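Once you scroll down, you'll see the structures, which are given as structure tokens.
In the two complexes that follow, subunit A is the common piece, with subunit B as its partner first and subunit C second.
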Partner chain A sequence: MAQQIYLPAQVIDAAGQSVMSGHGTKMSKDGKVSSVCAGYYQRIGSVVSVITLRHRYLAAQADVIVGRIMGLSIEDSEWIVDIGSIQYARLPLSSVMEQRRQTKKDVLNMRSFFAEGDLICGVIYRAPPEGRATIHLSEKLPQKLEYGTAVRVPCTLIKDLAEHVRHFDFDIDCILGRNGWVWIAPGPALLVGGRPIPESFARVARTRALIEALHGRSCKISPEAVSALYRAALPYPLDQLATEPVRRAIFDDAGLHPAEAPQPTPQRPTGATPRSSPSGRRDEDQIVTMGDEDD
Partner chain B sequence: MLSAGERSFIEDGIAAGIRVDGRAPFTFREMTLEVDVLPQANGSARLQLGSRTSKTNVLVGVKAELGRYLSKAESAAATVEQDDSDERPVASQLGGRIDVTVQCTAGVHISDPMLWSHSSQSPEAVAAPEPAATSGVDGAADADASAGATQLGATQGGGEGTLTSEETEQLLSQRLTTLLNTGGAYKSLLEVVPAQYYWILHVDALVFEDNGNLLDALALATRAALHNTRVPRLKSTEGPTGEAELEVPEGTLADDDAQNIRIPIEPCPTFITFNRVGPAASGNPLQGFIVDALPAEERCSSVRLCVGITSGGVTSTTLKEGPASLSGQVLIELLDRARASGSALLGAFDQALARLERRRAAAVRCAMEGSFAPPPEEAESTVPEGPLTEGEEISRTVLPLLNVTPAAAASA
Partner chain C sequence: MEIPFRCDLGCLNRADGSARLCIGGTDIMASVTGPAPVPARKESIDKATIEVSLHKKIGGVLDNAETEIEVLLKHTLENCILTKLHPSTLITVTVQLMNVEGPIFGVALNAVTLALLDAGVPLAYTPAAVTVASLAPSEGAPAGMCCWPTKAQAEASPCVAQFVFSNVLPHAAGAPAPAPTTPGEEPANPPVEVVSCHLAGQLCPLESSAPQQAGAAALVQLSEMARESSLGVWRFIREALANKTHSA
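So, the complex of A and B:
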């Protein structure tokens, strides 16, 4: 399926249907929608967007994301979370206190749950086109991310997966946030009695270096690609993984090339809430032309 | 910003000798060095520290200006008239020197918390607004959106600085100027006519990206730019008043090194920055120290020592920063080891500079002879070219990861 590219100031042909202008477009006085940037055409329902190759994360419902608490608002009893999007998102206190009603004391003690700087993993519950997204925590997902490291890659390199939380067989837990934030932590076997064994740092460092290598080559960061690269990277010294010759050797060994990085088959995410808001995506009936998910 | 869990992970890793990117504590990242990048400058260099996706990227240009000491008559006069004509050099009593100015391009996020503006402004005023106010969806790709929460209540640690401020630029400029001029080595080396004329080298450094270890990167790039700097060899004749008059010799070619003088870099120091991450250990004074810190590691650093060191192992300046203290024993040990590490670093760096210089000289010879043969291949082979690789070129070289562990360096 050819992907249509629009240039800045190009008028988008709506074939007579009435459309609303989404990201990367604007509507002129006479109702014509034109592009304001250079990118791919995307239409969901009646909302027409032009999505550039590199862009900030655009929140969408049911996306699993990793975010950092930037602050909190006691008046609104919610945390403000940076998810790498145009605006910060909000995490209401009610999503944490599911079992009991929140009291004033709980509100004042919000910092005992999450303080500034903490990393959390959550699901986008609501993503209005203008305005802040709302995050909810899920019991199925890890909530506060404690011991490990985070790395940021462009969100376009992380596609929708069935499971964003992955446990690799080399005992590393990864959360591939849809917003491009990836959390890497040692798995349970590496944490003996609560303390990490020295090997865990090497494995986390290797995983992190390989994710950055995929980023450097603009490859999709999928669990299959990471596994394949990890196996291929074991013979090489750990600190050389950031250098070009070693990266090239590892990619060759793993059989990965930029256009051929193994792709997961597109699936609907599990546990998705029904989406009726205009910013909901992946309803295939309504999609006329999508980005690049048909690899 | 860093969570407590991330911080302990980094500290524990360094205690075990493995950093988050897999390096050993005293290993520098891969450096890509390019010279001759600004044709209109007397010398220029560009240094990238790190991999393609996350690097500290600086560009340094050097321009030479002629200065002259005030004559007896002028210093006796109550005021010195400002001379607007371009012909007479700047007059002052300062003498030969190197003048560094650092600027950060728009959008650079200085990663080092100790360099952030410590102005007395309130956190709300210092913190940058949310991304929505500044860029759109097709604006900056994954630019770090961290900012102190403005209207959302006090932040931990009182207002993190974000985008660079003039104070940060001035701080960096001042440190580099002090580094290069301390000891007065260049004051005599830059003299054209003793007690009369001298060169002032204006170093302009531009920071494109900061992913840790900015000060070291700036110092090394400045060293490379100075190595690349050529000033014309001026001829001086006795003038009618007894003072020397200078002229540029006939037929000076920009590339003909017989007519140019190169700036020596033996006396040029570089900074090597040691950050301590994690607690100090009584048994090992160097416990927890790392070089070439990443942004996350800089945030975990409790104390830092920047040592200005020459290739001959002379310590020229030291700078201690950070809330924690350095015990006397640690300080002495660290300075000792800094000399060994600095020599190793500069040894490898100068070899890379020599490599670039040989290629340049060969290219110039080819150009002058009118032949178009490529410069001869180096014995130590370059990185093999690939479709996605930033390979080596005539004016660019890649330094591999450099381990400057004090023990290893001392025994080398």
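So, the complex of A and C:
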């Protein structure tokens, strides 16, 4: 299918065909579906969307994310978390106090759990369309992230995975946050008494450099890609991993190529997005915001 | 003579969207961040807040003309961006003048448009700006017009007009609906509507016999030339986006 860029306000389908407007489109009063952003056309069944290559992360329920505590609200007993989205998210104190009832003393001592600047890993519990998402911590996931480094990449490069927390065989643990924030930390073999040994810093730095290389080439950041790149990059010193010739060499060795134009991907299953209900035409303008384009 | 357009889309990797656009000799870089969380003092609960800041090549305080450009950009974007979709957020647009060789507003608005499209900010329409100048008759050349005047041409010109066009027609009862485009097909006659026009100077000489008609005719001529040129701007925007995605 010849891919064509749609610009905002370009009419996609005139009234008369039964189409519903999906991401990146809007339906006007007379039923015309037109584009709202610049991107590629995608049609799944009767839902027509315009997919942009880049957008800010939009929270969706059950996404594993990495976030940074920006502040806290004692009145609401919750932390305010930056997840790289259009709004901050909130982390209620109740998600930390699962074992016992929350008392006033716990609320006043919120900073002993998480303070401003801490990195956390959580799951999106609720994501209202124009409001703030709510994060819950999970016992299966690391909660407060320490002794590692976080890299921000566009959220479109992180696929939906079964397991977002990955342990690599070179003793590095990664959390591939769905919001595009990737946490890299030494694995248990490189920790002594809970603290990392100095030899682990080089491995964390190499992994970070390789993830930045994947970002630079707009490749999807998947655990397989990172493993393949790590093996291919072993012969090269760390300070050369950012240079173009070395990157070309290791990408060729690993067999990775930059992503082509976005492939049409299946829509998220019903029960989650699109933002406004796709119940056919409505009397007022039906505008749908953009969301993640892959699922 | 074709004025060269050059563009580098996505040049700043920290911004949500960025573009460096060079038309003729005027080189402007625009970056867009947002929609992003907004501090309470700037918050609007029903729409996104838009902030535009213009920065000169070497920095310093903006003079009146540059402040006016900042305000014009903000008004155009408030009209163009679908701010009601993202209430209580902030969209920050930063325009950096890299090299100035003529009127700035047209190039700046096109650079900002490219940056907004790169960032994926939802727009009600795609604005295309064109600057036209009428050329006073000189020896060897009759009175005429040109698009994207250089600094010398703009200073010598009696009238410089900066048009902003939109690619959507307003809802008009009885107007034919624009034809839908299927993927792979270039729209034949994209609808073109004037969003704004900023004129500086005289449309026609004061000594002319019927100044009102002459002025109106001159304005129509300028706008027709600008309209033709705006189709080229949209074509360029589409090509820039296509090149970016293929080499992303």
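Here is the rule we go by: the second predicted complex is superposed on the first by the 213 of 295 C-alpha atoms of A that agree within 3 Å, B and C clash if a C-alpha of one lies under 4 Å from a C-alpha of the other, contacts with A are read in each partner's own complex, and residues count from 1 in each chain.
The definition used in the following text is that contacts are C-beta pairs under 8 Å (C-beta built on N, C-alpha and C of every residue); 3 or more make two chains touch, one makes a residue touch a chain.
Because the structure is a prediction, the values reported are computed rather than measured.
Residue contacts after overlaying the shared chain place A:Gly24 against subunit B and subunit C alike.
Looking at the shared chain after the overlay, A:Gly148 reaches subunit B, while subunit C stays out of its contact range. In the superposed pair of complexes, A:Asp82 makes contact with subunit B and with subunit C alike. Applying the stated contact rule after C-alpha superposition, one finds that A:Ile12 touches subunit C and leaves subunit B untouched.
Annotation for subunit A, partner touching more residues between subunit B and subunit C: B.
Of the two partner chains, subunit B and subunit C are each touched by A:Cys37.
When the two structures are aligned on the shared chain, A:Leu191 is found in touch with neither subunit B nor subunit C.
In the overlay built on the shared chain, the residue A:Arg248 is in contact with subunit B alone; subunit C does not reach it. Contact with subunit B, but none with subunit C, is seen for A:Ala209 once the two complexes are overlaid on the shared chain.
Once chain A of one complex is fitted onto chain A of the other, the partner contacts of A:His55 extend to both subunit B and subunit C. Within subunit A, the residues touching subunit B in one complex and subunit C in the other are 24, 36-37, 39, 52, 54-56, 82, 86-88, 258. On subunit C, the positions that touch subunit A within their shared complex are 10, 16-17, 34-37, 82, 85-89, 117-126, 166-168, 171, 177-181, 183-185, 187, 190, 234, 237-238, 241-242, 244-246, 248. Remark: subunit B residues 1-6, 8-10, 12-13, 16-24, 27, 29-30, 50-54, 130-132, 135-142, 144-149, 152-153, 155-156, 296, 383-384, 386, 388-390, 398, 400-401 touch subunit A in the complex.
Of all residues in subunit A, only 1-15, 24, 26, 28-30, 32, 34, 36-41, 52-56, 82, 86-88, 130, 218, 258-262, 287, 289-290 touch subunit C in the complex they form. The residues of subunit A lying in touch with subunit B in their complex are 23-24, 36-37, 39, 52, 54-56, 58, 68, 70-74, 80, 82, 84-88, 115-119, 145-150, 152-155, 180, 196, 198, 201-202, 204-206, 208-209, 212, 215-217, 238-245, 248, 258.
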